[in-house]
Amino acid sequence: MEKSLLVIHGPNLNLLGSREPEIYGAATMAEINARITERAAAAGFQVDCRQSNHEGEIVDLLQRAAGSRTAVILNPAAYTHTSIAIRDAIAAIEVPVIEVHLSQISGREAFRQQSLTAPVCAGMISGFGWRSYLLAVEAAAMLARS
Amino acid sequence: MEKSLLVIHGPNLNLLGSREPEIYGAATMAEINARITERAAAAGFQVDCRQSNHEGEIVDLLQRAAGSRTAVILNPAAYTHTSIAIRDAIAAIEVPVIEVHLSQISGREAFRQQSLTAPVCAGMISGFGWRSYLLAVEAAAMLARS
Amino acid sequence: MEKSLLVIHGPNLNLLGSREPEIYGAATMAEINARITERAAAAGFQVDCRQSNHEGEIVDLLQRAAGSRTAVILNPAAYTHTSIAIRDAIAAIEVPVIEVHLSQISGREAFRQQSLTAPVCAGMISGFGWRSYLLAVEAAAMLARS
Amino acid sequence: MEKSLLVIHGPNLNLLGSREPEIYGAATMAEINARITERAAAAGFQVDCRQSNHEGEIVDLLQRAAGSRTAVILNPAAYTHTSIAIRDAIAAIEVPVIEVHLSQISGREAFRQQSLTAPVCAGMISGFGWRSYLLAVEAAAMLARS
Amino acid sequence: MEKSLLVIHGPNLNLLGSREPEIYGAATMAEINARITERAAAAGFQVDCRQSNHEGEIVDLLQRAAGSRTAVILNPAAYTHTSIAIRDAIAAIEVPVIEVHLSQISGREAFRQQSLTAPVCAGMISGFGWRSYLLAVEAAAMLARS
Amino acid sequence: MEKSLLVIHGPNLNLLGSREPEIYGAATMAEINARITERAAAAGFQVDCRQSNHEGEIVDLLQRAAGSRTAVILNPAAYTHTSIAIRDAIAAIEVPVIEVHLSQISGREAFRQQSLTAPVCAGMISGFGWRSYLLAVEAAAMLARS
Amino acid sequence: MEKSLLVIHGPNLNLLGSREPEIYGAATMAEINARITERAAAAGFQVDCRQSNHEGEIVDLLQRAAGSRTAVILNPAAYTHTSIAIRDAIAAIEVPVIEVHLSQISGREAFRQQSLTAPVCAGMISGFGWRSYLLAVEAAAMLARS
Amino acid sequence: MEKSLLVIHGPNLNLLGSREPEIYGAATMAEINARITERAAAAGFQVDCRQSNHEGEIVDLLQRAAGSRTAVILNPAAYTHTSIAIRDAIAAIEVPVIEVHLSQISGREAFRQQSLTAPVCAGMISGFGWRSYLLAVEAAAMLARS
Amino acid sequence: MEKSLLVIHGPNLNLLGSREPEIYGAATMAEINARITERAAAAGFQVDCRQSNHEGEIVDLLQRAAGSRTAVILNPAAYTHTSIAIRDAIAAIEVPVIEVHLSQISGREAFRQQSLTAPVCAGMISGFGWRSYLLAVEAAAMLARS
Amino acid sequence: MEKSLLVIHGPNLNLLGSREPEIYGAATMAEINARITERAAAAGFQVDCRQSNHEGEIVDLLQRAAGSRTAVILNPAAYTHTSIAIRDAIAAIEVPVIEVHLSQISGREAFRQQSLTAPVCAGMISGFGWRSYLLAVEAAAMLARS
Amino acid sequence: MEKSLLVIHGPNLNLLGSREPEIYGAATMAEINARITERAAAAGFQVDCRQSNHEGEIVDLLQRAAGSRTAVILNPAAYTHTSIAIRDAIAAIEVPVIEVHLSQISGREAFRQQSLTAPVCAGMISGFGWRSYLLAVEAAAMLARS
Amino acid sequence: MEKSLLVIHGPNLNLLGSREPEIYGAATMAEINARITERAAAAGFQVDCRQSNHEGEIVDLLQRAAGSRTAVILNPAAYTHTSIAIRDAIAAIEVPVIEVHLSQISGREAFRQQSLTAPVCAGMISGFGWRSYLLAVEAAAMLARS
């Protein structure tokens, strides 16, 4: 199988750039996707970038990644804190999933401090803004080499 | 832009009239929509009434309201208490969102007493049955005048 | 009995206008009372506006409203979160009580997020600033018609 | 000092008879006071019956009972669960205070299950309706004999 | 059926007199039973006094009281706070059960502050030492008259 | 070893039929035992039905079932929520234990919502009234076949 | 109406057989559906088996079952613990819903121990692996006969 | 405006000297007031000392201090832990309020360990007995100089 | 009085050897009793070893130890965490009670981490398997010498 | 023994002046020490000012203060909320310890609201910025006079 | 390797004898060390006794014990309840560590009731005063023999 | 200033390789340091690697990094969950601090799930074993470029 990454952006991340930029930064999702694709190419990965506001759709995407992707980079956004379904999907598939957050969730509202998904991910990178995604590409490359 | 309202009914509100009428009243969703439309017309608003059982669809609807609606009237129903995704969508858009409940949620089961969405809404009206919606139309009119 | 409203402003609301205006707005209590009275007159109500910093006095006022008022509009302010006595008074009288808040209490300090009084009120309106009172007048009119 | 009892009825007990009779019974406060007075007379006590909706007034009454009363019978009603001030007054005076409740508070809403005042009272009698007061008179008589 | 009382002393109450007398007093269980019997006789009741350290035995005793006793006076002692089985037995039988405590349980260790049994009893009397039992006899007499 | 079932009814289940029939149904324990026996016979099981109000006795019964029974059907009733001793007995023996409840315990009082015993049972069936027992017989038959 | 069952498998159950088989067993969803269909046919039921990863879709399915199904067998999987929307749908329809779990959820992670849906279901069967579904068919047959 | 202090003693502090002297000391309120007055005079302050058992009255006193006092020294006593109304009054006025306690409240009963008022005060001094008041005078003098 | 020890084994300890040996070890209760007796004899103690699954029986045994035993060695097993009755019995008698556990209870399930009985025991020894009992004999000997 | 004060500054207080000045003020630790020394001299005290980032070192300093200092002024900073070791050291020595905080800790993050050390200190002064230290010198002088 | 014990006394234990002797006893640390050494010699152990107020130093000591000691006897004192670092050190080394406490920590303040270190120790002995250490020597000897 | 990194390993990380390798991996701290140094050199950084078991020493190291380092890579290990002092040091200095963990802390024991330090760090990387450090070097390089 060719080396391939699936990037999943969770709910409301399609509004990046205009949505509370003091928290989430000024880069749009399209710009971030371009930077991810460039970095991934340098590391020998094909990339597919998807966004969904639907919990069930993210579960579907994760299930379909099994057997076809080297790794998944997932920013579950709001579903980080509420979705056992996404957690179960991550635990059910073999593909390593790398959790990514733009902000430091542990420093925000109480209901945003716990990640239901992190315990079943291969690792987590948070707080570096859009750079978190690039570090996740780097992490995927390291995992693929090991 | 013409004055326009989006009314979003959350999960199971399409069953109004037959669903636990001692709590939710005997009026059907169609009847309530008719009364909303009448009242809104009197206040100079076009109205679009939508219902969805899907959290992600409600997020989609809210995102699309940005730039095209004067205000949104939202009864998040069950998602009031569990959806950070809807909360984030409300916070991300400029349009004022008015939260509406048929019953007094603070007097019901423990898991129904906290509203995740209320803190980012322009205001909340609850407990007046279907009249809560009409008061929300009134509130939207007041906000539009200010 | 003639149609008549009692408006009760709870503790520290006599300081409106100068008290933390970024939360409570710039209108004074007198100005708000004038707007309430005007709106109520249009709806055919006499209005009596009272303010008290004393929990017991608010209980007294509520008890006296029984039999003499069509409805009560109550902003319990700080007592919203601590007074079982006011809750019991509301539950004990027949007159419908409409709870009003200037700000969205669910988005403030933890000790301000629970309302002890709301579960026994006819309905609640919050977050619209001084307009919350006008919507409550509207609600009282709707209830009187039903 | 002649044998003398002070009976203090807390907030909203002046509405007894009409207030939620399925919980509090059909007897009015005046009727209950008459029965207390009769029973107390039989036990050789003068009785003074007072009602107040004001926490501070109940503190005042308790302080004044020091040195002039054989015992106090107190139904703190709503203040049972919220008033440290009344608790402190009971602890500060020498006169024994007997706490009385019409209903079984431990079987009601969560916020009504804890009594802040009971730990500093001479004893508590609850759940017997208006008979709780008569048993308290009996208790005061027993304490006076010991 | 003749008027008859069952008095049940819960675990460790057979040690009264020697067990932590600063909390429970100097009277032995036998002495207290004698005083109960005397008072009950004056009120026209036969009395049967029982003590058990076994939760199941107390359930058995309560079940057997159905149909043969006018009322039960129960000091559940340690089982007050842990026994749903005793609670269910009280709720299952028709006979009124009066809960009695020597001390004010609400002022003691955290694990002794909640009574599982009180919500299903006819009433509770606590804090008057051995006199709590005599007041319970009085209460039983009142209930029998009503 | 012949196929044999032990049915254990926990505390107060001997009162079935008269005890809060709106929750527990109108069938007596004897009638339920008859239906269990009939169903079990059809599935090739001998049945022994026992009831006890004593936690320790239920532990004794479970211990004795080891080596002599194919399965145990246990309704721990009140002890479901408080007995670590019964839990430990179930975990200590090899015989599969099937937990049964007449009502849906998760919808009742807070202290009845957690089952200490369920995690170490082979399975749980709840909410079907006396039919829960028949389904448990069916389950025992399935387990015996596997 | 002909006797008909709807079976709803919640999120990730389409992965059964390969997903954590030490917890969920080796049988695939297709195999389980075949066994359900066989058993149901023996009991005179038509069966329709559906799977969805989408909370909203499960709400839709439940709503459509009203008026057309004898009973619903529902394994809400991850949504058991987070979906008030599904709970509300179950409560809103007349059709009895039987909750099913493969594993004993009360013995798993803390966030999996509470079922939001169970209190409004007709009953619950858990812990018997794929046999839980067959017992649910049996339960549906019993309910249909009563 | 002349330099002037308002000292407010909360509920039950009028009983100082006789009330639990092992906690609160042997000095009476009158004696403490004399020492405060002497110290304040040395620092160039007029002093007005008030005591009230009424929460509402303390709110009234604080509101009236605005514009007429250099600083307020407040011992809220029991209301420290329960009064949001007093907290709101302190936050609403410009005058600096210095919170004073005779004992170390953080070392007492759980319900006395949290201060609702402290976060909005200029500072807090606790545990030094009546000397806490003199240190507060000193603090007021320092604040007036800055 | 001759030097004499009572050893009480709580519920399910009669199954030692076969019950979860990876936690509780392979030694049977009889073997452990033999080792205790040998060690105790060396220290000049007579020993009486008892086991019971009944909470009430353990209370009875403790009460009877008063006046006849030098010390009691108690492994309350499951009752460690739920029995206030056993705690009260220990506190009521003069004989020193030494609490013993085979495993380190603080490292096990949440409901096994708190000991209700330890605070009133003379000391606790845990985690050394059957050697915990021998160390308790040693402790009893030390206490007898002091 | 000559009158002598030990001032202990806890972790990170050596960064005062540059560290979050909007919370902690612009004065450096050296400047504050100079003001303390001046004020202490006026009150007849020698002063020794120490700073440490090490919990153990602060325990050492407190132990050495026993017998050689009139009083200790301690700002435990971060260790206020986490160090039982420092609490135990304060409780173990005879020297009175006065706890000092620059800010009002009760108004900050949840983990900063509880002081483990305050209950065993002679008193606490908080919220007056660097003036808190000068008031502590004053308090030490008062305590030395009493 | 020769048989050798390391005894580590945690913070403030160097003050034993003078520090709250009603809790910790009158023996000094030097006296206790002498008794430990004597007992250990009898059991064939060399002993090294250390005390430190520094969490990090205790971690260092534990790390150095690996490979050079037969067992460690550790009284973590205040760090029992707060130090994950010491817990991790115990878990990281092979040497068995025996936790010792002078008092029964489960009967003291809430923050002293949980031991973070006990779950990873070989066993715990508490409540026997200085004799706890001698029993720990005995335990070390038993472990060395096994 | 030349580009320079400080790497701080918290308590017990000097034992890496031998300490619970199934959690922390087989690489020793020296090996990890070598890999960090190599990667950092490639990115143009000098590196200084330090390890300490002492909370205070880590605070000292962080303070000294101010003004002399481009960034700090910190694995606070056990202190992640207990040290407000380290949190305050990170917040007080200008240098960006990158938090690193070998394992996914959110999936471990409850007391290891919260990070006190993460909210004030520039970002966090966890779960990738020793590769977490290399990703942190990459992150430091990205931050230095921005």
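We call the chains A, B, C, D, E, F, G, H, I, J, K and L, going by the order they appear; numbering starts again at 1 in every chain.
The definition used in the following text is that a residue touches a chain if its C-beta (ideal position, glycine included) is under 8 Å from a C-beta of that chain, and two chains touch if they have at least 3 such contacts.
Bear in mind the structure is a predicted one, so any value in this text is a computation, not a measurement.
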| task | Count how many hops through touching chains it takes, at the least, to reach subunit J starting from subunit H. | result | 1
| Self-contact between copies subunit I and subunit K, residue sets same or different by half | same
| task | Would you mind reporting the rotation angle for the C-alpha fit of subunit C onto subunit F, rounded to the nearest 5 degrees? | result | 120
| Whole-Å gap separating subunit A and subunit H, where each centre is the average of the chain's CA atoms | 55
| Taking each chain's centre as the mean position of its Cα atoms, how many Å separate subunit F from subunit K? | 47
| task | Would you mind listing the residues of subunit D that make contact with two or more other chains? | result | 54-57, 82
| query | Could you list each pair of chains that touch, in label order? | reply | A-B, A-G, A-L, B-C, B-G, C-D, C-H, D-E, D-H, E-F, E-I, F-G, F-I, H-J, I-K, J-K, J-L, K-L
| request: Mind listing the subunit J positions that touch subunit K in their complex? | output: 54-57, 59-60, 63, 82-85, 87-89, 91-93, 116
| Touching subunit G in the complex: which residues of subunit F? | 104, 106-107, 113-115, 118-128, 131-132, 134-135, 138-139, 142-143, 146
| request: Over in the complex, which subunit H residues touch subunit D? Could you list them? | output: 10-12, 14-15, 18-20, 52-57, 77-79, 81-82, 111-112
